[in-house]
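Same chain, two partners: chain A is paired with chain B first, then with chain C.
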Partner chain A sequence: MDLFLQFLINGLVIGAFYALSALGLTLILGFMKVVNFAHGELYMLGGVIGWWVTSRLGLDFFSGLLVVAVAMGAFGWLVDRFLIERIRHEGEEAGILLTIGLSVFIINTALILVGSTPLKVAGPVAATPLFLGSAVVTENRILAVAVCAVLMAATHLVINRTRLGRAMRATFQDPMAAQLAGIGVANIYACTFAIGTIIAAAAGMLLSSIYSVQVSMGGLVTLKAFIVVILGGMGSFAGAILGGLLLGVVEALWGGYVSTGWVDVIGFSIVILTLLFRPYGLFSKRAERA
Partner chain B sequence: MLQVLERRSLLAFMALAAVLPLVFHDPYLLHVGIMVLIFAALASSLNLIVGYIGEFSLGHTVFFGMGAYVAALMSTRLGLPIWILLPLAGVVATLIGAAIGGITLRLRGPFFVIVTLCFAEILRLVATNWVDLTNGPMGLAGIPKPFDQDKLAYYYLCWAVLGASVYLCYRFVHSSTGRAAVTVRENRYIAQSVGIRPFTYAMIAFVLGAFIAGIAGSLYAYYISFVGPEVFNFSFMVSMILMVLIGGKGTLLGPLLGSLVVIFLEESLRGAQELRLSLFGVIVMLIVLFMPRGIVGYVHRCIQDKSRPPAAPAALKDGKLQAGA
Partner chain C sequence: MLQRWNGVAMCLLTAMCGLAVAQEPVKIGVIEPLTGSVAYDGQSYVNGAKLAVAQRNAAGGVLGGDVQLVIEDGQCSPANSVNAAEKLIVRDRVAVLTGAFCSSATAAVQPVADRNRKILLSGVSSDVRLTEKGLKYFFRSAETDKLMSKAFSKILAKDLGLETVAYVGVNDDWGRGGVKNFSADLSEAGVKEVMVEYFDHGETDFSTLLAKLRAAKPDGIFIAAETQDGSVLVRQLKEFGVQSKVFGVGSWATADFIKLTGEASNGIYAAVPYVATIGGERNAQFVKAYSAAYKNSPGKYSAAGFNALNILMDAIARAGSTDSDAVRKAMLETDYKAPNGEYRFTDKGEAYGFDAVLVQISDGKLNIAAQTTIDKP
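Let's turn to the complex of A and B:
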């Protein structure tokens, strides 16, 4: 029972990051209908740039996070305007191939530039342990999860409360009507991709302040994000968060009680079962299936 | 006319491949030739799924890897000869293909892509973690080389396998089954309305693809004489996709040309692994943006443009006018 609480906390911490990266993907996949296979690489770039600006340029953690957000936001905007824009109306397959090409390019260029060593971002607070009964959680983890929660709330507010968010929702309901109403649709698509990129990159930088970031980690992150989005339901905000936490906890419990080598099999089995028995996701209200 | 041209160019490719080692006696070229033949068979099998079902499978390494592991396990543990193991690898891959196809072909679009990728990842994890059977990340070494290490004889074995695979694909594509599959790819609803069940035809192509990929996998295992969990790696998948795309998906000649181009690219950039893959990424993006139908598709269009003058004004064909919604 003592260990159970510990596994639960570990699972919730990692689950918060699954949720955050899936949130970015659900914007791109659920709204824009771009099957983004480079999502994990955007996450990895966030961690690597975060490491670079904090350790090489000597910025503190939060200004580093700001730099990462601005840089990756610009990157995402450019990727959409110059690459994805051209294949917007050519179906999913073109997008899948394009993002696979992009991810292969990003991984291997990053390998040439920074190598394959794990990089650790210095966190804003020390890893002081806090005791909750019999379980231990470090202060930097609590802070990282708190930043995660703030980012999720901010995304929610941007989509539901701002002018940009209103234009986004209009565009994804009916791009033609939105365009007729005077919305710059191309810009809205690019902004959505940029927001998804910022969320993924921020998740990457936050997680590498707890663990570390490695150039080759992106593929697994992409798959986990897809798993969570499918589990939670396409385009579902709450589904991404609940699905992420659920996946994190299940993996932590499985790793703790059964076997650590097989942890990643859980996610893949979950996604296969979900698609077979509940293809609209566990938490989706609308029956939306691409 | 295009079908005749296609048949002739396929025959020319195979004839050229048969003559080449008799003209050049360079062992390095022979090695490259063997790799081209194995990967051409593999790419042709992937093309059946990508080009003729029209669904994008990222799990083709499953069949390739299973074929390789079957050959490696059975030859090192049981000492079975290559003549039994090549067909056996194909049969095992076919059975797995039937099981995975039965699950995944009910899904479409991104879901199909992701689930096939999940299967590849699961098998990679199994190959890494089931140490008793697969020797884990260390892999299985010491697969006996057939023909007393005679590379030329092995080249002709690969040539025969590729010839048989291309023949199988050709017969499939130009049979009524293949036409039905193409109908499903082009318009699912019209196909259903004339009584074609999409699932059945997709399944036939998927299983045939798995069979060929399994045999290609066992050929690869015998040639390299080492099999590790890397056979399930995504980088293999990227090479395969690139071969099909560069050559032209949905054409029989495309994968053969594609594997020729990709293997030569890989060999010429052998020293710089990251640079090579980085370049591959750029190539994939460029092809998607500027040459979505590959080399063969490009040639087809040139031929068609020559043989008949363009009738419709270009604006009507422009996708943007129709796809505004």
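Let's turn to the complex of A and C:
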């Protein structure tokens, strides 16, 4: 029973991280219908740039996070305007090929620039253990979960409460009507991709302060993010968060009571089952097939 | 990918030089993980290999020509490593091969090399079974898990005063082999096994595993993990307040590992075949040359790459040709003076005669706690 509490806490912490990693993907995949295989690389870039600005430019963690957000936002905007724009109406395969190419390009460019050494971002607080009864959790994780929550809330507000968010929702419901209503559709697409990129990069920097970042780690992040998005339903904001938490808790319990060696099996099993029985995701209201 | 362009650039360069010196270069194929979670370690191996080749070429090369490395990224995965081997043998027509780092990947490359009658020398893969298959052209210049655990289990059990140990390894042939061998030898020395767990390459969060470790409260924790996974794991051990003594195998005895792990590295033990702080004139020269070339002191895998390439180039020079049977004969006569002892091979292609050290990290320094020579198995 003591261990159960510990596994549950671990699962919720990891789940929050999964949710944040997947949030950017669910925006891009659900709204823009771009199957973004470069998502993990955007995450990795966030970690690497975060490492660079904190250790080389000497910024503190949160200023660093701001720099990462601005730089990666601009990067995402440019990627959409100059690359994704060209294949916007070519179907999903073109997007898949483009983002796979983009991920290969980003990985190898980063390899030239920073090499394959794992990098550690200095966190805002130390990893002091906090004991909650018999369970233990470190301070930096609690802070990271809090930052996760803030980022999620901010994204939610941007989409539901701002002019930009309203324009985004209109554009993805009906681009033609949105354009007739005077919305700069191309700019909205680019902004959506930029927001997705910012969330991915922020997650990358945040988690690199707890774990470490390495240039070729993106593949695993992309995989986990896809699992969460499929679980939660594409484009579903609450789904991504619940899906992330669910995956984290299930993995922690499986690892705790069965074996940590085969933990990834559980994620993929859930995906297969979800696709078979609830193809729109566990938390989606639509149950019929398109 | 990058390495491929390097390869192309090197081809062009040697092609141009070729006009002046007519003599064909001797090509050596290298398969190492340059991306993925052991990329850092694979890159160290390549760095050591490049240094050995640069030194040899500056001293006149082999068989009257330069030695040329053709480097492929095997990603530590069996499938990619086999593809790399096929490409190196068929397209690049390399004389000999070295690789493929992870035991699982090397095991997959073995039949390809054997079918094509190519010498394959692994400077890293430590799974015991690799040399037990009766393959004529396979050699290994690395310590096996078995030799390491035999060399250090008693010392560890006695010096650390261990009664119970938990075993944690990366989920592949190397990690499982390390756990199996150390647990067998430590059990023989009277140490009780309380837990065995594995984790996947590239794992970032070990909190579940750590919760189990905290509950098991072992005296010592044995870990088989490479730089990336190992540094994260050791750091999280300390973060979660696990007090057990930590020891293990993997490339821990390096400055980069200490930098990544920070204070958490204090007090841990690593059983390695090489550390930059071992004595001797040959090592001093190697450390100096390596540091000058890469602005970083060499670790276990830098030395492995350096040694493997020197052993191969020596054998080709002694054989007087790149014919596989002649090189094989010369390989068996190897008596190579490495920075860490002398390498010889058994008939099965297993290396012995080199040193192994037990290193303790304290206050960011690598202190040698015990040193021994790997005997003929």
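The criterion applied here is as follows: the second predicted complex is superposed on the first by the 286 of 290 C-alpha atoms of A that agree within 3 Å, B and C clash if a C-alpha of one lies under 4 Å from a C-alpha of the other, contacts with A are read in each partner's own complex, and residues count from 1 in each chain.
Following the convention adopted for this analysis, a contact is a pair of C-beta atoms (placed from the backbone, for glycine too) under 8 Å apart; a residue touches a chain by one contact, two chains touch by 3 or more.
Only a predicted model underlies this, so the values are computations on that prediction, with no experimental measurement involved.
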Answer with clash or fit: chain B and chain C placed together on chain A by superposition. clash
Taking the superposition as given, does A:226 touch the first partner, chain B, the second, chain C, both, or neither? first
May I ask you to decide whether A:264 touches chain B, chain C, both, or neither, giving the answer as first, second, both or neither? both
With both complexes superposed on chain A, which partner does A:97 reach: first (chain B), second (chain C), both or neither? first
Contacts for A:272 in the overlay, against chain B (first) and chain C (second): which applies, first, second, both or neither? first
Determine, under the contact definition given at the top, whether A:129 touches first (chain B), second (chain C), both, or neither. second
Could you look at A:29 and tell me whether it touches chain B, chain C, both or neither (first, second, both, neither)? first
Once the two structures are fitted together, what part of chain A is touched by chain B and by chain C alike? 104, 107-108, 111-112, 261-262, 264
Listed in rising order, chain C residues that touch chain A in their complex are 1-2, 34-37, 39-40, 42-43, 171, 197-200, 202, 204-205, 207-209, 211-212, 214-215, 227-228, 231-232, 235, 238-241, 256, 260, 262
State the interface residues of chain A toward chain B in the complex, per the touch definition above. 29, 35, 83, 86-87, 89-90, 92-94, 96-98, 100-109, 111-112, 174-176, 219, 223, 226-227, 230, 261-262, 264-265, 268-269, 271-272, 275-276, 279, 289-290
Considering the complex alone, what residue numbers of chain A touch chain C? 2-3, 6-7, 10-11, 13-14, 17, 104, 107-108, 111-112, 115-118, 120, 127, 129, 131, 135-136, 138, 207, 211-212, 214-217, 220, 251-252, 255-256, 259-264
In the complex formed with chain A, which residues of chain B make contact? 56, 103, 106-107, 109-111, 113-115, 117-119, 121-122, 125-126, 128-129, 234, 238, 241, 245, 274-278, 280-285, 287-289, 292, 319-320, 323-325
